[in-house]
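The structure appears below as structure tokens.
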Amino acid sequence: MTIKVGVLGAKGRVGSAVVAGVNAADDLELVAEIDAGDSLDTLVENGAQVIVDFTTPNAVMGNLEFCINNGIHAVVGTTGFDEERYQQVRDWCSANDGVGVLIAPNFAISAVLAMAFARQAAPFFDSAEVVEYHHPNKLDAPSGTALKTAQGIAEARREANLGAMPDATEQALDGSRGADVDGVKVHAVRMQGMVAHEDIIFGTTDQTLTIRQDSYGRDSFVPGVLTGVRGVADHPGLTVGLDSYLGL
Amino acid sequence: MTIKVGVLGAKGRVGSAVVAGVNAADDLELVAEIDAGDSLDTLVENGAQVIVDFTTPNAVMGNLEFCINNGIHAVVGTTGFDEERYQQVRDWCSANDGVGVLIAPNFAISAVLAMAFARQAAPFFDSAEVVEYHHPNKLDAPSGTALKTAQGIAEARREANLGAMPDATEQALDGSRGADVDGVKVHAVRMQGMVAHEDIIFGTTDQTLTIRQDSYGRDSFVPGVLTGVRGVADHPGLTVGLDSYLGL
Amino acid sequence: MTIKVGVLGAKGRVGSAVVAGVNAADDLELVAEIDAGDSLDTLVENGAQVIVDFTTPNAVMGNLEFCINNGIHAVVGTTGFDEERYQQVRDWCSANDGVGVLIAPNFAISAVLAMAFARQAAPFFDSAEVVEYHHPNKLDAPSGTALKTAQGIAEARREANLGAMPDATEQALDGSRGADVDGVKVHAVRMQGMVAHEDIIFGTTDQTLTIRQDSYGRDSFVPGVLTGVRGVADHPGLTVGLDSYLGL
Amino acid sequence: MTIKVGVLGAKGRVGSAVVAGVNAADDLELVAEIDAGDSLDTLVENGAQVIVDFTTPNAVMGNLEFCINNGIHAVVGTTGFDEERYQQVRDWCSANDGVGVLIAPNFAISAVLAMAFARQAAPFFDSAEVVEYHHPNKLDAPSGTALKTAQGIAEARREANLGAMPDATEQALDGSRGADVDGVKVHAVRMQGMVAHEDIIFGTTDQTLTIRQDSYGRDSFVPGVLTGVRGVADHPGLTVGLDSYLGL
């Protein structure tokens, strides 16, 4: 049996990629494409069971209120959520037993898994460093993902009571040893032709473990959204972050 | 407070690497080096709290009986265990409340983590292949680790009801697409200079996740053994495999 | 001083990427976009110094005759050339002193360099293998580039009187050791999300050298075409292949 | 026909690895192992055709004078050479027609090739960065090889009149973008378990080329020394650096 899906923000770049993803999936049926100005009633009329929302911070709360009150599960990639908004969503869910809402800042499955694996591995290695690679038009260095990865590693090391990493460096050119993020070195490469890539490297006696994440294009969020669509009915209430959908 | 450690098989290549590892660790104290012909009583006399056994299938059961009955925990890398032997060890443990025994076929932490991560990631990707790299003196292809990795991926895909991987190949040179292990392609490279390395590659829309494991030398089992030594008192009874010590 | 460039086949996918590349380059000026049905006279009227031809086997010889006879250099990616056509182009060039024509089957600079470096390195290593990675819609395995790379390595090894590579494999799963291309093992991975990638690996005592080529998109030929445009006036007569433009 | 080889400094760590390498090679015959205090006359008595010198700055000039004057070719890895010493060696060679001497600071073939390929590739890419990886006991960062690689790339870019690399970074954590070596960014990773590794990455439209060099152990100089031994008779006079022996 297929799941009936409505897409909100269907004409945006991200929304239209979700539309294409739903259309390409055998187990999903696209029943509504909603964009600014369209009535949400179409969702009910067409029997949508799950909606995907990639709209705007202004529109998303109204969308969620409508859907949750109509018993429609929601998978949300729209930004602008804070604790107050999360609580509001929890309240709506409480009043509508069994409705699930997934709000995630990052639907790129490979990145979410990479960060989770990094936290799991961190306690067992003497050394850990992160090297991220991006196209040269990127404004910030290191990337937000690399920062978050390093912070996760640092936290896992602290919890395991690991001390500082071994590093005998006495003479170093400025910058050669990377940025220090809570004791974890992070290096940022900017390279024409590349998209977005990350090496998370762990080392101990005679061995290393490297978790490498490559993004080759702009649609890397689609599989994560579809994973959300397939699982949201089994996760009633509010879930923040894709992790629990990935068995992490 | 340090943990007092005895090493059995202390003069063997593996055992002597364990001896060096224990000596190098601040939180461990080496209190006995036992080899063939030496009396096990030294362990009790010197107050060993944990022993490490890399001896022989002939010697290991006697060693375990002695240690368990004397309340000494054991970390065992010796081979030759079957279900009958496991049951015997469980029985000895039952009679000695609180004694822990860890028996593991593979103490290379990075390899154990890589296999576990591969199983976790497998359900979320369309494609998965394994490429292993070894020195050219290796007799079998693919390596046992690569085989086991592929089997784990295949099992995780079956449990997630994934179908066959996408592959439009119509014209292929014999062997170019690798060996088929339960539907997972495995490729074996033999390369002068290399030691033992494995790429586990997963792909879905616009992204890949690669788990890379590198062994650079013969002592890659040492950190796993020490992790066992530190944790065995918290794992009473018999544990098979390092996984549960790694939070997997 | 800028070079005035005309593009033939300007409305095709490849041609329009060349148009964009010329427009983005400070030292090149686009003076004509020609497609099927347009008159070649525009090239002369607008003072084109170099043309780029990505048209069809049917159209290209007429285009070249016109351009060479009008003293316009040509950079050609159109397929369908054989020795007879090459000779015809040489004859036209002989009659028009100083005109340069570059015809190349592959303008992806990184791939051309990778193959050349592989040939250079091959005589100095005991082992060499090729692993190529492509999206799963590819029909053939291994890729043409990987085949050509392996053949180049094999030839370089023969010229250096190297024997067979070391390989002690006694027990192998069918296909695990890859396809045998003139004694060089080639492995083909098919992975959702990937584009086109190649590892050329060389190994000898305690060291390896890996030449990795990654294509992330469909415009990887553009820099090579522009390198051809900039250099063609300095290479009078017919040149086949980009190699000599890259100092190889 | 085999080449008769004498090793000077035969009992040192490096010299004894050369001895083992010569013994393992079918086309080379070890005829003399000389160490401090041994007479060089043994070389002549045993018919040495080529000597390998890994001794000391104090010993090497005397060794070379003796060998060259006795018509014995020399492959030298001993350090401490300056222009004055080179000139002295050239003078001795002039007086002994046909005798070849190779003096090289680096015999690791993969590293010498990697640096040469980097120089060749540099003019054709918008971006170039170097990431080196070493064990954490290394005192300096970046490594000497990485520095030299970056300087070679910078020089090749200058000769090709390339400008600065594209880099839109506006906000950067200190050190994240690496050390600036003549405009080429260099990153140094220090990782337990690793030996010595280098990624030289080049990028342009939709593609990258990566030259990766891995050292797994301490004997990576041996193949380069043997390449020198085999080729020195064909390179009369003084040659500095292995490059010309590698067809570079």
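In order of appearance the chains are A, B, C and D, and numbering begins at 1 in each one.
Assume a contact is a pair of C-beta atoms (placed from the backbone, for glycine too) under 8 Å apart; a residue touches a chain by one contact, two chains touch by 3 or more.
Since we're looking at a predicted model, the values are computed, not measured.
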item	value
Chain separated most widely from chain A, comparing mean CA positions	D
Pair of chains joined by more contacts [C-beta pairs], C-D or B-C	B-C
Distance between the centres, which are taken as Cα means, of chain D and chain C, whole angstrom	32
Chain centre separation in whole Å, for chain C relative to chain B (CA means)	46
Of all residues in chain C, the ones touching two or more other chains	125, 193-194, 204-208, 214, 216, 220
Residue numbers on chain D that touch chain C, as the complex places them	21, 108-111, 113-114, 117, 120-121, 123-125, 202, 204-220, 222-223, 227, 246-248
For the chain B and chain D complex, residues of the former touching the latter	193-195, 214, 216, 220
Parts of chain A lying in touch with chain D, wherever the complex brings them together	125-127, 129, 131, 133, 136-142, 165-181, 185-194, 201, 203-208
